[in-house]
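Both of the next two complexes hold chain A, though its partner changes from chain B to chain C.
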Partner chain A sequence: MTELEAGRAQALTPVRGGAALHRYRDVLIALIAFAVLASLPLFTGSKALLDFVIRCSAYGLFATSLNLLVGYTGLTSFGHGMFFGLGAYSFGLIMQKLGVPIPVAFVATLAITAMVAAIIGAICVRLKEIYFAFVTLAFQMLIHSTILSWASFTGGDQGLRGGIPRPAFLGIDLANHVHLYIASCALLILGLLAMRQIAQSPFGYTLRMIRDNAARASFLGIDVWRAKLTVFVLAALFASMGGMVMALFVSGAYPEFAYWTISGEGIFINMLGGVSTFLGPMVGTVLLLLLNDTVTRFTEYHGIVLGVVILFFALGLRKGLLDFVAEWFARRRDAGEGRHA
Partner chain B sequence: MTRTRTPGISRRSTLALMGAGAMSLAAPWVARAQSKTIKIGMPTILSGRVAQLGTSSRNAVMLEVEKVNAAGGLAGRQIEMVIRDSKGQPQEAARVSRELVNTDGCELLIDAEASSGAFAVHEVARDLGVFCIHTNSETSALTADPKQHIPNAFRTARQGVHDSIVGGSYAAAIAKAKGLKKWATCSPDYAYGRDTTAEFTLYLKRFAPDVEIISESWPKLFQPDYTEVVTKILQAKPQALYSCLWGGDLTSYIDQANIYAMFGQMEVFAVNMADYTALTVVKNLPKGIHSGNRYIKTFPTTPENAAWGDAYKAKYNEYPTNWSWENATAVMLMAEAAKKANSADGKKIAETLKGLTIKCPFGADGTVTMRGDDHTLVGYAIGWGTTIPQEPYVPEVKAGDWKTIFELEAEWKKSKGYT
Partner chain C sequence: MLEIRNLAKSFGGVKATNDVSLDFADGSLTAVIGPNGAGKSTFFNLITGALRPDSGQVLLDGVDLAGLSPPEIVRHGIGRAFQVASIFRSLTVQETMLAAVSADQRSSAVLHKRFPLAETRDRAEHVMELLGLAGKRNRIAATLSHGDQKLLDIALALVLEPKVLLLDEPTAGMGPEERWRMIDKVRELWETQKITVVFIEHDMDIVFKIAPEIVVLCYGRILATGTPDEIRNNSAVIDAYLGTEHAGAAA
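So, the complex of A and B:
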């Protein structure tokens, strides 16, 4: 260890302690969030609200996992929806054809997703920017076409028919609406917490470095390809979890889940909520679903309304909502410090 | 005089506002308890490529609901329709249906979704136990497959296998009479296109065993350019062509094939031609295309059917579609069942609906029946005829024989392992 390094190591120690503190804080926030969400059915009998939170879980997991790629690593994937669809279909098919307990199907689906993501990722992450975006899109269309044409197995464009069986396990009966709701909340919170850990870990900072300057990261001895592939697979796993929640919610899986529009929605959610904060995509999810649900109640011209909202965010704010709020707070704080100084 | 009141909202008006707010919040519950209206939810496709069909479903339902309401409503309760767009996405169809039942308080559902959306709504009906009529999905499995069967769901749409049996026997008769042995097919590349074509050729070969399929084309759904498909078919030189392209795809196909004078070189059987959405849009409708009836006001040739088509046109300034009659039939059946059961309760309507036969302008013999054992509509007008370029477009339609349909359908169900 050189003198310089030793000095830096000393300087780093308190930061590490701070990281541990942050980690406990994150866990605490997650626990509180889960407690609040889980106690919601006690206060309200609104099934629509519970439905809304279940859908937020599915899309939230998906969009936040996309942000691991877009916001943290600088990999703009246009095909992330394929893992959402893959999760929904794998889970649905395993439950329908094999009739195994739900946790087994859950783990098996994650294993399948990891395998497929590793293969697709190995090809895609070598590419940069627009090439990466388009090759992921191509793979998405490949998976979508496979679902459509392999009708004897996947049901083609009619989707998985006949409902997904949901046998009870460990006293949890996902056919029960409240049980499904609590399970979705649990998956969402666990998923978010895990992704937060990834983002805040040294690996997460490696990703940020790759995003900002891949050549420098490479010169520092980081295997850029391997880091990108790892995050690609990890993000796929969480997207797949989102797909499973959606499959449980609609009790089926449909080719639309693997279509490019789902990826587009993911990108849109990230634009709405913002990619520079961890919870940006979650805010975006709530915003988009809220907008979608209220606007479709009143008009069939929802496309126009959503388009105007996109324009407002893209041209007006020029960033996502949470980015905007975070910057506003930062400016206020700086101004405040400036006054005190 | 001094002003004692500060400008702004006074306490009294605040209280009044709060009271009004509470009233308006409570109003739906009070209204639900007191009024006799019954809400019927209807998810359908009102935006995107097939919005025209969704709109025509809504139009037909509103036309019939007005009549039912004028006659006293559904077992004495006025119907209020809550119609919402699903954008043709199954997850949205599921969400919207759940919202209609759970939030808007709809007691019955008319599911005007196509293909995968209908299966998504079917799962909601299974989950919530709400009464549901599928009006647009022609996929046979929806009612034929016993795994799909639930006591509270019905279908008033035509069924793919019925169409194929009638089309196959009609085409076989012409094939035999004109000696058409070499056939080509050209259908959209998705489940409906593949299944319908397979079933059609199955029955065609059954009635005319020496028919041979020499060329198959599978253009993509919503494909804009059909040049390669048309030239491929022309090179194969078939004597006849079968196609189940529909809507905009069919009209662009015909417009493009016209350039190659294709329709003079072979007999064309296009099952989805005889629908006003296709007939009125094609630039030069060739004479002599064979087509199944979708909706046409001249078949069945009854005054009731013609009057219904004219009433629709008078109200909406366009002709009804295939989806229109299917949705109108759903309302007619529900109204009759509610009358018989003397109740608008979903369970009671479902019980009465089983095996119910009603008078209907779209019936082959003036009546249609909701078959009891698989909850699907039978006895509707089904037939084939040839086109002419102007109204009435398909002057003579040869009606299909329901006895044959029933026999072959039973056989088909057995072969699929459904019975």
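So, the complex of A and C:
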């Protein structure tokens, strides 16, 4: 065997059949994660801990979906939070006004989100970089203002009050705290698994090509605009799912869910956790919520503390936490290989 | 056959491409030369759809492609590589090739399967072997040497199995030895792949040595076309471009 052939054989084995294997590995990890999360109520009666996981589910879905845009496609949206708010409000309103079963409201909300995202996306994804960021921000403010001013429908600045009805379905009673907890975990895991599939599909690699070099991608026959619009809508769906989990959790919807600071927190989470690994935003979510919960307990100047933390990540590490860890492992592995060679 | 008919493009008052008509026979190898600002890159941009022509036709096997978008033109079979290597910096060589084949097989929007698709492997493998990139398959594109990045750029165009391959200065930014290696590669590709190749080149020694056909552009117009000998002895070319030194050297 020549050196070239040897290199080829060694490189080919992991690739062949590897794609299917990776998929099973991801499903396995998801199942284990779900089993661990779902068994948590057996070991602890702490309502605060379960609440924390539910909030992580809502924000985690939102932040990971934002990373599909920021990290994988290079579309830095400053208005992604609008779909979080849209999900919460659509779901809450459908449940309050129509009284349909929860799964129906869930699917209807996703359909509404897809439509709205397709319209807004069609306008935004033609724009480059900072213009894209600003116009998405403008749409976010538009939706927020609409919620505030259309008080007869949305409750204005009071939000959707009076609670969201949570009728039991298929033996699942989301008014029950543990049921709600399990359902949130299930949505999180399913959502992450679906987004992981998107990221590792041929479409996911199309997104990476667009991020790296959109002009070259179009010279390979890729319709860049259509791919960007598709991922914009897909990401909106998962953000909307996050919004629904939040609405179920607080049994209501508030204008803050649609305010630009939600988008800001999404970006913040991505910077904390890192955008070059799939689970970076999930790590960021846990970090941010932990920081939020602990720091607000000790000082009213929590904004300053969070600011210092983000400066540390941006200027000190120059990347998110999981990016940093991943690179450290890669360097160690390379160094190890260098020594053996 | 690629036929260019009365192609024209102006920027403001400058006629970057002025009534250019050319035929490129199937399986031909043609060099496009000309002084800086002669409109060589504009000419390529018009053919590949990066720029929209003001008027004229780009006929590939009789189908007019003028005014179509780059993805459409690529799908008709005109591939290109760029003067500055245009690659996907964060992908490995192998991923780049596999993703490009995916794009060509119209599976770049597939969501429910895992990358890479089995049917993309053979073509990706073939082109990596062809360009000598197989041994560097797991390297991230950004970490490749300048020459390998140019090869990867050409591989990207080639893996789409184009009828016509346009190479914008394949030797740009290379040292003398690397230049010859690259141009030998180009010639080898042309000979083995039986495709129409058009390339832009500044180095006259290279052009006269390897190109059977030469097109000279000057101020957006065709100054001359012909074999190396015809071009070398063409008085208009000598006046405008080559200067007397080359004419003397050829004599």
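We take it that the second predicted complex is superposed on the first by the 326 of 341 C-alpha atoms of A that agree within 3 Å, B and C clash if a C-alpha of one lies under 4 Å from a C-alpha of the other, contacts with A are read in each partner's own complex, and residues count from 1 in each chain.
Here is the rule we go by: a residue touches a chain if its C-beta (ideal position, glycine included) is under 8 Å from a C-beta of that chain, and two chains touch if they have at least 3 such contacts.
If you're wondering where the values come from, they're calculated on a predicted model, not measured in any experiment.
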Combined model on chain A: chain C and chain B, fit or clash: fit
Taking the superposition as given, does A:A48 touch the first partner, chain B, the second, chain C, both, or neither? first
With both complexes overlaid on chain A, does A:F257 touch chain B (first), chain C (second), both or neither? first
When the two structures are overlaid on chain A, which partner does A:L170 contact: first (chain B), second (chain C), both, or neither? neither
Could you work out the angle between chain B and chain C as seen from chain A, using CA centres and rounding to the nearest 10 degrees? 140
Pick one for A:R216: touches chain B only (first), chain C only (second), both, or neither. second
After lining up the shared chain so the two structures overlap, which partner does A:F249 touch, if you call chain B first and chain C second: first, second, both or neither? first
Given the touch rule stated above, what does A:I198 touch, chain B (first), chain C (second), both, or neither? second
Looking at the superposed set of three chains, what is the minimum CA distance between chain B and chain C in Å? 35
What residues on chain A does chain C touch that chain B touches too? none
For the complex, which residues does chain B have touching chain A? 46-47, 51, 84-85, 87, 89-92, 94-96, 98-99, 102-103, 115-116, 119-120, 122-123, 126-127, 139, 141, 145, 147-148, 189-192, 194
Over in the complex, which chain C residues touch chain A? Could you list them? 48, 50, 69-71, 74-75, 79-80, 82, 86-91, 94-95, 98-100, 102-104, 107-118, 121, 134-135, 137-138, 156-157, 160
Footprint of chain C on chain A - complex, ascending: 3-4, 7-8, 11, 15-16, 19-20, 22-23, 197-198, 200-206, 208-209, 211-213, 215-223, 226-227, 230
Chain B contact footprint on chain A (complex, rising order): 46-48, 51, 55, 148-149, 151, 155-159, 161-163, 246, 249-252, 254-257, 293, 296-297, 300-303
